[in-house]
Each structure stands twice: as structure tokens, then as C-alpha cells.
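There are two complexes below, and they share chain A, which is joined by chain B in the first and by chain C in the second.
This part shows the complex of A and B:
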């Protein structure tokens, strides 16, 4: 098992740096291209929600990202001190609606749920803990 | 992310989007598209063959472009999606709101038709 920890700040610019690091780390660990995509997408979508909606102040906040790479599962853990938010509680968008009325909200959560194998959320010590599992062989 | 306008024939503008269309690059992409839409293009063929990655922020940009073109009575089609990008389109339901073709040639035939 290999374990990597990263910390990003709550600005969108920090996402491009983290995605490059994650791609390189997973690429060295025999993870399939599809699984790398799923992990990068999960990090981006979940971090974007935290950055956009997690905070009322203008202060700098840290989001901790941890990756445990096992042969049968990549376990992604994200921890933030933003507002309490459980992405599993969100009703995903209606994908059958037409182009005119379609709302984009909830799309990131829908994509993350569909491309990962499991998601778990809990609130502890005023922080959000989100754990997402992806099969590295998929 | 890099958008290049590749050719213009029979009133069709072909755009190639390469790299990543995500939360970081979405704003730049939107500005690029604005410029292209201001030229009054009605038939847009978007080649995604070199697009490595798209997230919901990227889908949102494409949706905004498609709505604007439709409002002007034009058409937008997508072509050459890579497997992971295609999966994102399928999960999100975008594969049913966009016309998607395997090749640029097929997409061009549709626009000309």
C-alpha cells in the first residue's frame, strides 16, 4: 500500500497543481487510465463545491487530500473545515430534461458518484470527511 | 487547455479543444467561445479528439455555447470523443442533448445536410 497526502488552499488555481500531482502519482502505480480519470474528477468536483460554497469568509482555508493506493482500491479522503455538506444527500439532476431547461447543478456530484465505487461522508470536529473508493483496475 | 479554429468551409467552423476543460480552464474557454460566437458562426463542429479531460465545469461551458448557437438558429455538433470523455457525456446525459459523431467527416456531412 502506498499513501500520499496533499494540502490545497481554497482557490480554484490550486486544482491544476493537484491534478498534475495525482496523475503522476497514480500513473506510477499501475492504475488504469479510467481509474485515474475517476480520481481526478472526484477531487475536482468535490473540491470545487467546497471552494465555491463551503465558506462565508474570505480567509484562506486548507483542504486535506489523502490517497491510499492498494491493489484492489484507491481510497481518496478529503477533509475540509467548510460548512457541513454531505454530497450524498444531494438529489442529482434530471438528465432527461432538454437543453433549454437543463440545470447544471448537481452534475459534478452525479459524475463523481457514477465513476466511483463508493462514497462515505461524516461530520467530525466541525470538519467534513469524505471518503471515495475507486477500483484501480477498472 | 487550448482552442484552435481550424478551418472554415461551407459556413462550418471547426474548433479543436485540446487538453483539459475543467473548473480551472472553464473561464478562459468561455471567453474564447464568446469571441468565436461574436463572429456570427451558425454551424459549429467541435473536435474533441485531443481533449484529455472534461468535468462538470467544462460541460457547463459547452452547454452555454450550444444554447447561444441554437438561439441564433444554428447548429453545434461534437466529434472524435475519447473513451473517458465519452463516458462523462453518457453519465451526464449530454450525449442525448448533443449530436455526437465518431469522426469529423460524419459530423461535417450532418452539418452540410
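This part shows the complex of A and C:
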């Protein structure tokens, strides 16, 4: 098992730096292209939500990102001290509507849920803990 | 992220996107993409060089497609890589606008 820990600040520049590092770590660990896509997508979508909607103040906040790479599961854990937000509680947008009425939001959570094998959320010590699993062989 | 335009004739604008349409990539091309969609011409969007597409990139495509549709124009997506195609299918893009394999097919669809 390989374990990696990263901390980003609540700005998008910080997120993109870490994304590049995570992509390279996954590429060196025999992870399938599809699984890399799923993990990168989960980080981008979930971290973007935290950065955009998690905080009311202008302070700098840290978001912890942990990545455990096992032969049968990649476990991504994201921990933030933003507003309580359970991405599993969000109703997924209606994707059957026509172009005129189709909402342009809500796709990030739908994508992350669909591409990961499991998602778990809990709120502890005023922090959000989100754990996402992806099969590295898929 | 790069955006190049190419002439597709018949009053169609061709747009080739290349790179990762993540939050950084979208910020780099979004303004230009919106300006092209505002020209009032149908658009062919070549996705063959797009390696990653996140929801912000989809929002950019969808907003432009909605604008074109309201103006009686079309947007056709061309040749997404398999992972990108899978992502598009999860959110139901194929029900909203045509996704085809070649530029010729796209031109034909728009000219119909």
C-alpha cells in the first residue's frame, strides 16, 4: 500500500498544483487510465465545491487530501472545515430534460458518484470527511 | 488548454479544443468559446484532443449549446476520447446534442 497526504488552501491555484502531482503519483502506481480519470474528477469536483461554497469568510482554510493506493482500491479522503455539506444528500439533476430546460448545474456530483465505486460522508469535530473509493483496475 | 478555430464552410464555425477541460483549462478558453457561440453560427466542436472533461467544461459546452439552440442553430460534438465520451454519457449529453465520430458527419448533420 502506498499512502500520500497533501494539503491545499482554499484557492483554485492550489488545487491545480496538487492535481498535477496526484496525476503523476497515480501514473507511477499501475493505476488504469479510467481509474486515474475517476480520481482526478472526484478531486476536481469535490474540492471545487468546497472552495466555492464552503466558506463565508476571506480567511485561508486548509483542505486535506489523502490518497491510499492499494491493489484493489484507491481510497481518496478529503477533509475540510467548511460548512457542513454532504454531497450524497444532493438530489441529482434531471438529465432527461431537453436542451431548452436542462439545468447547467449539478453535473459534478453526478459525475463523481457515477465514476466512483463508493462514497461515504461524515461530519466530525466541525469538519467534513468525504471518502471516495475507486477500483484501480477498472 | 488551447482553442483553435477552423473553417467548416456553410456558415459553420469549427472549434478544436485541446488539453484538459478542468477548472484551469476552462478559465483559459471560456471567454473565447462564449464569443464564438455568440456569432450566431452553428458550431462543430472537435473534442479529439481533449484528455479530461470535468463538469465546468460541460457547463461551458452546454451553455453555448443552449444559446445556439435558442437562436435556431446547432452544436455538434466530434470524436471525444473514450473516457471523455463516458463522462458525457453519464450526464446525458447524447440526449441533448449530437456526438459524432468525424467532422464530415458533423457537417452533414448541421446542413440537414
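What we mean here is this: the second predicted complex is superposed on the first by the 138 of 138 C-alpha atoms of A that agree within 3 Å, B and C clash if a C-alpha of one lies under 4 Å from a C-alpha of the other, contacts with A are read in each partner's own complex, and residues count from 1 in each chain.
As a working rule, contacts are C-beta pairs under 8 Å (C-beta built on N, C-alpha and C of every residue); 3 or more make two chains touch, one makes a residue touch a chain.
Small disclaimer: the values here were computed from a predicted structure and weren't measured.
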item	value
Joint occupancy of chain A by chain B and chain C, clash or fit	clash
Partner chain in contact with A:107 - chain B first, chain C second, else both or neither	both
Partner chain in contact with A:70 - chain B first, chain C second, else both or neither	neither
Which superposed partner A:5 touches (first chain B, second chain C, both, neither)	neither
Contacts of A:15 with chain B and chain C, given as first, second, both or neither	both
Partner chain in contact with A:33 - chain B first, chain C second, else both or neither	both
Interface residues of chain A shared between complexes with chain B and chain C	12, 15-16, 19, 33-34, 37, 40-41, 44-45, 48, 95-96, 98-100, 102, 104, 107-108, 110-111, 114-115
Residue ranges of chain B touching chain A (in the complex, touch as defined)	20, 22-24, 53, 55-57, 59-60, 63, 66-67, 70, 83-84, 87-88, 91-93, 96-97
Touching residues on chain A, where the partner in the complex is chain B	12-13, 15-16, 19, 33-34, 37, 40-41, 44-45, 48, 95-96, 98-100, 102, 104, 107-108, 110-111, 114-115
Chain A residues touching chain C - in the complex, by the definition given at the top	12, 15-16, 19, 33-34, 37, 40-41, 44-45, 48, 95-96, 98-100, 102, 104-105, 107-108, 110-111, 114-115
Chain C residues within the chain A interface of the complex	22-24, 52, 54-56, 58-59, 62-63, 65-66, 69-70, 83, 86-87, 90-92, 95-97
